[in-house]
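See structure below.
Labels A, B, C and D are assigned to the chains in the order they are written; within every chain, residues are numbered from 1.
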């Protein structure tokens, strides 16, 4: 699968997201990845809340993040999200976190997900979700 | 209702709970209150997970906290929780947060709760929960 | 002091801000209050990062929040912040949290702050900060 | 370097650590890794607070986590931390997260760190820290 369209989410670093080193705590980026992923899905016409309300969730099976340059309180940040893999039961997203004041890449990472139903059992991604994701890919490439 | 037995939960300040002022972020105390409340209920023989599994939750209707002395990364902390009011649909808990290395009272607060069912509708606290809470009170006073 | 200009911060509920009751966790509102306060200060021409860089912080001395209606993942939210008191060493802010899709007031609260220097000692709010806050008040009323 | 002694930190899942899927949010594990690492260092006779007070921090350069089985509110958890690599400027830790009621491995991950000084510049790990870490290794193997 070719890399697909990317979505950019703009956020501002919250005070609560810093730690006593004076920079953004590393776990905050994982929360931003999720926000970026949710925004990507909304931009793809598949709001995650709609998927969740239909009884499906994309449970995280792994996540990784590489930290390059610290971000600080008040920094404007872009979380750039791309869908990098789509299979019948799994999706993978990748993320770049940019300081939008400087253009510097501060962190990059990825996450893998399986589709689960309301009881937490792994299941196929519903066709209408796959079609939405694929359609978005085609529209963009 | 007379103030009832207090339960002490021991925790250690996590690095992630600090902010760039070098002290514990004020929202962390609200999470500790909850942990203290849950530990209180466990000590009362009413594990909150059991109540939740039975389809009930104690939704927070208000919370307040007064901050006196900062806590820092690694500090040993005691969260002392007391049940201060119990009515058919509502409970109130109060909390003291102590630096257990120094004995200093660092923060104090309280929270009010209503009992809700699985759909989020307000409901009476189930009798077995009230009895558990009352029984605990009697045993301690 | 008369209530002063209000600033509205728009946010979207993050998945990480929910809990197993399926609604926003109550501690998340405390973090939103802070984000609203920081945005208020930025709108007043006094970015909090600038104050912090000058060696001052507004330490929280108390916070309270009353919860009325639950918010859920994906909900669009407005945090409306007002400065309600300004003294030589203290400020108080008040907050309304609105579901901007429905207009419903979901929570309301307030926080008090003292000005502290880099060592954490209470100090007078610097004149340039007071003037900025007062100037903003005058411009708006 | 041979794998070294492991330290086990016991925690209980907090309500605030869950999300609307009814399980622990995936970012919470990253915070637990940090708590495990800090506890490891304390057990090694090198409290992280002491290192931080001496002007050094172990900044995270990357983190990864693989999720296997969900954890839920109230579950007793063991975070088992091991030092897996020690170089002049870098350390790597690995983590297993176990449901201690069932013995099931719920997640596993690792993190890499560089030593930075108070200004955030990379620096050699101080000799007394290296000696502490190495001494601990020898004592245990």
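One rule holds for everything that comes next: a residue touches a chain if its C-beta (ideal position, glycine included) is under 8 Å from a C-beta of that chain, and two chains touch if they have at least 3 such contacts.
Just so it is clear, the structure is predicted and the values come from calculations on it, not from any experiment.
A.B. asks: Averaging each chain's C-alpha atoms to get its centre, pick out the one most distant from chain A.
C.D. replies: Greatest centre separation from chain A goes to chain B.
A.B. asks: Select, from B-D and A-D, the pair of chains that is joined by more C-beta pairs in contact.
C.D. replies: A-D
A.B. asks: What whole-number Å value describes the gap between the mean CA coordinates of chain A and chain B?
C.D. replies: Roughly 34 Å separates the two chain centres.
A.B. asks: Please work out the Cα centroid separation of chain B and chain D, and write it as a whole number of Å.
C.D. replies: So the centre of chain B lies 28 Å away from the centre of chain D.
A.B. asks: Measuring centre to centre with CA averages, how many angstrom lie between chain A and chain D?
C.D. replies: 25
A.B. asks: Where in chain C do residues touch at least two different other chains?
C.D. replies: Where chain C meets two or more other chains at a single residue, that happens at 15-16, 20-21, 23, 27, 31, 34, 52, 72-73.
A.B. asks: Which positions of chain D touch chain B when the two form their complex?
C.D. replies: Touch list, chain D to chain B: 14-16, 31, 34-35, 38, 47-49, 52, 72-74.
A.B. asks: Spell out the part of chain A that touches chain B in their complex, as residue ranges.
C.D. replies: Where chain A meets chain B, its residues are 15-16, 18-23, 25, 27, 72-73.
A.B. asks: Spell out the part of chain D that touches chain A in their complex, as residue ranges.
C.D. replies: Residues 20-21, 23, 26-27, 30-31, 34, 52, 57, 59-67, 70, 120 of chain D touch chain A in their complex.
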